[in-house]
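Each in structure tokens, the structures are laid out below.
Paired with subunit B in one complex and with subunit C in the other, subunit A is shared by the two complexes that follow.
Entry: the complex of A and B
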């Protein structure tokens, strides 16, 4: 904004104020949806542990919960992390908050449709593998598949809109090559590129490509819906996993985007763009497109070279994450006078969950290992590690930071420590039961386990204890951050 | 690598990560924030990059020859395996329609120990997965059962007993009860003679 006029500066400040309001609303949505969707998870583990016994509701509620829990949390992860990234990005580029509000409204419409479908017990699983939504063996009404397609279309439009707005905002200030940091590779680090701009550019490009794949997937679904004839399930499977894999990876990368901007506030050391970071994120943009093949390793009909590319790309995405972001986070902390608060602790520990979950994911992305781990609870283990104790920590850290920044309400140190301890112990204990179940080849997405795999039931019982700790941590978080949220809201209204 | 070895690898690396994070967090106590400390960790970037490249390279080289995809082996037996909400059918004969499916699902399958079996796996409706568990509940391997495609899964059964096939791809409300069994028995003398002849050739 070097050429900005006084009027332009005021307008920019106005957009930033509107961005703060939007971020606050999404913070509230996180605090509302995370507990509700988390409780569906608690219900599922209780169902699997058989403690509900005679009181257990019909199995259709288990699978409907499985569907909404997965769809909902992937959606919440993508959207809240996206808004978190935009919040810090709004310091550098001018975003049109009207578009972001429109996307928010459409997202709410999509979520309402998904909730209606949940009440109608629509249950094709969170990745709704074609042609299951249409062929349920009497499990759910065919109208629910139609509602689901409308929900997908609405969410697709909403998210494509704000991804395009992000690209427009970045492009209005930075040429593409500069936004991707290519001038650093030529030995010229001028103009200086804030790391969040680099991450946001990579995410926006990958996001638009993923959403276009979703459009293609939706077209295949519509062809089936209106002609009644089967389309190629392997092609649709590729599109589905490409979209889903990229989307959930983007959620994590959005989190890293705001981590780069927020953590230095607590460590006192600026996190600057440098050549390794530029190489890393440009590699990520390329590799994330091909890593999704690991979801199809057990589709032996895929060409063999595609499977090998999947393994290489999956290994490849781990290297920039460790060498640039994880090591960078540690360098921010090592022998520095870090101001440890709820926000900084959760941001720091969120990267640890990403690292530990990443190890589980890399192992599972090895074809020979996946042969025995695919669709066992090992899969649920590693993605809950980098989502629950990874990305959720980052998002909770972001909202804790946001509400603190906007409200100025002092933190209750003891409560903050109790929150971190409960979430940490509960979260890791919970995922450990998934890992152990995976070792014993307990299948994922089973309402009840067969007698040969009874250990799955026992481990689900133990997991419940840890889930209760997570619930406690979330409740304490709501008490502490909810109080700040109301103060921040009041301060924002007053200003 | 057995699942337990994979778990132990994950556990050791995971604990190492926790240790490093704890160490870093403790190092902030009373720290003055020297630039030298930041630079020192920055210098680890290259060794870490090389270490990861080497470790992942070794893992890749070790595991790629062990992928489960058919590599031109000639099976001793072919078994057609078909999934359909919420049952499997196994047969030495092709299963092309519902009638053949019902007949095959009612006929128990017996396989001789030590033979290389090729399962030709497909589905008549939605995606399923065909996962074979041995008599001790250990998962031997799996492949997807997809409508319109045939996936060839090769397994050799060295342990006699009752094997179980479970569906590992979510396929609807009764997914968790979709299963079938087959028996692996000691080969009869006649089958053994034929196998020996085949292996000598």
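Entry: the complex of A and C
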């Protein structure tokens, strides 16, 4: 491996320091946005449980909350996990942090626009399926659709910029074949490829493609907006899920990317690239673009073969990467003296949450099962599993690790255990109520349940208790990690 | 740089703002297929020419039927719609064998004979097999209108009614498609007939039939679904994204050769 020149080393060290600062800022954004957006979820479950009774606000607030809660948390998941992956990747490639800061600024602008829209009760749901944003039936002002399009454009530009920067940074160090680990397939494990580089390459290419799908989708929205003529809703729905499904999958993969790099710090066992891992991630790169078809099983206008491809691709993207990662994680802890801290516990549990939620997702992507479960709370159950007790745990684990690493503040073991226990019990209890609701055919997206579905109201009440446990866990997390964050910030400024 | 971004953002917002309110939508007075699809029709008595009375179920139990609402004094859409239906059904074939057409008057002053005289130039019986003209009692007409979404309103100071041109496709007593308009093309009629045969058309109700960039196009003649131009929009992201990634790595090759000494070593 080539050695660095002195100038190059100084410049590289400077970029790494800036990357640490950026990661710290995103850690703060996570600790700010996660509770706010999470409280919108609490509000929705409270609304469904009818405990608000007479004090219940207008139902439009439920749907506005549903929209911001979904859009916001998908956005937070994608961005924070992306920064987490870049943070560990910056050990291997040189990233231009100016581009990343610009994207961060644009992302904040996009988020502000979405919050403004929430206050104006923009509520087409987080799928914002065309042409619904334009047809409010008096539910929201027409200007909110315009604000939404601007927000979408700003976020699209921001994220496309940093995906392109990621590709540029990897390409500056690795040829494509090497970055995708193809030399391992030829039986030649040299040069050694860090797993995070493999994952980041797959994510960057798929990310650019997903964001180009968002551009195409946005163009169709603008055609409608300016010409007033309809475009085919099925085309736009395909593009929406092409973009949205790939984006949320990427968020998960980003989490796996930093897991590969960070967990070995606690297990003391290096996580190396191997042939099964290369095969799995190369499969993901190809198949992730077709898996979104499972969102359109109910669209009978799609030809049958498209639906079959959707099911095969869903299995193809979920199983190889998940199996490689889950077996890898278990191998990391099996009969090894793992240093269990807040960060390592959350990283481990997050991976297991991804696995459990993934099973729910694979079940839901099976056409025969989807016909029963499609519009029930089973859907909300599986994605809350791999997002809340999966990706959110991974991101909280990353920020806990980051602040610990940068501050050097020792962890309060008792508090860390209380955090993990509250989040674990609260998180799984909460999603269990969604699963049970799904089994009882309780529909999703209902603010209130009719008499025939009273079980939905009861389960929402039980879910509230578990949500309160999650709230407690997050509060304790903010106390523990917030303290470290300020210490890390001070240390970074001093350096 | 920041100023430039702000200027572009302001421009975009201005352009968006100036275009507000241009969004067109389906005329809300036209019957909405989505609102009535799969509803059951009421089994009401129909008064036919020659004093014959038949239950509506007698028609749909015999074979699928198309139901059309007209009135004999209509100076507007009724005649063109029926002429179009007659011409199209003759070219597509099957009327009388595979399906039948029941034309009902919604004007309480009409008799079956008047309808025949007006639309078939005969006061005795329909000139075309498979066609039936009849009237229904006002209370039954109301039930049919509720089920199908058809409506009419008198036009002041005339003997005319304002009403949509509408063909309701019925299979085993249920509405399976609704066609709205002053004429029906062979492709549209074939799609109705296919649905009436119980062969679901992989199509979907759209307010405007002339959409650009459809994903798929349905051919009612063969029943096939073919890719359309909208598919380009789905293929475009990978077709642009993959070459873009390849190009980036190709450009990175030059940088790798020149700055190999400046990259960090793997830990």
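In this text, the second predicted complex is superposed on the first by the 492 of 495 C-alpha atoms of A that agree within 3 Å, B and C clash if a C-alpha of one lies under 4 Å from a C-alpha of the other, contacts with A are read in each partner's own complex, and residues count from 1 in each chain.
The rule is simple: a residue touches a chain if its C-beta (ideal position, glycine included) is under 8 Å from a C-beta of that chain, and two chains touch if they have at least 3 such contacts.
Everything numeric here is computed off the predicted structure, so don't read it as measured data.
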(message) After the overlay on subunit A, what do you see for subunit B versus subunit C, clash or fit?
(response) clash
(request) Go through the superposed model and pick first if A:153 touches only subunit B, second if only subunit C, both, or neither. (result) second
(request) Scan A:226 for contacts with subunit B and subunit C and give back first, second, both or neither. (result) second
(request) Could you say whether A:135 touches subunit B, subunit C, both of them, or neither, answering first, second, both or neither? (result) both
(request) May I ask you to decide whether A:18 touches subunit B, subunit C, both, or neither, giving the answer as first, second, both or neither? (result) neither
(message) One more residue to check, A:356. First (subunit B), second (subunit C), both or neither?
(response) first
(request) On the superposed three-chain arrangement, identify whether subunit B or subunit C touches more subunit A residues. (result) B
(message) Contact-wise, after the overlay, does A:448 reach subunit B, subunit C, both or neither (first, second, both, neither)?
(response) first
(message) Per the contact definition in the header, classify A:301: touching subunit B only (first), subunit C only (second), both, or neither.
(response) both
(message) Quick check for you: in the superposed arrangement, does A:417 touch first (subunit B), second (subunit C), both or neither?
(response) neither
(request) Examine A:234 and indicate which partner it touches, taking first as subunit B and second as subunit C; both and neither are also allowed. (result) both
(message) Can you give me the overlap between the subunit B contact set and the subunit C contact set on subunit A?
(response) 135, 230, 232-234, 299-301
(message) Which residues of subunit A touch subunit B once you look at their complex with the stated criterion?
(response) 59-60, 63, 66, 123-125, 129, 131-132, 135-137, 139, 230, 232-234, 237, 268-269, 276, 298-301, 304, 307-308, 311-312, 315, 318-319, 322-324, 327, 330-338, 340, 348-349, 352, 355-356, 359-360, 362-363, 366-369, 371-376, 378, 435-436, 438-441, 443-450, 452-453
(request) Using the touch rule from the top, collect the residues of subunit B that touch subunit A in their complex. (result) 1, 3-4, 6-7, 9-10, 13-14, 17-18, 20-21, 24-25, 27-28, 31-34, 37-38, 40-42, 44-45, 48-49, 52-53, 56, 59-60, 63-64, 66-70, 85-86, 125-127, 129, 131, 133, 137-144, 146-153, 164, 166, 168-176, 179
(message) Going by the contact rule set out above, which residues of subunit A touch subunit C in the complex?
(response) 1-5, 7-9, 11-12, 91-94, 134-135, 142-143, 146, 149-150, 153-154, 164, 167-168, 170-176, 179, 192, 194, 204-205, 208-210, 212-213, 215-216, 220, 224-235, 238-239, 242, 289, 299-303
(request) Enumerate the contact residues on subunit C facing subunit A in the complex. (result) 9, 12-13, 16-17, 19-25, 200, 202-204, 206-208, 211-216, 225, 230, 233-234, 236-238, 240-242, 244-246, 248-249, 251-253, 255-256, 259-267
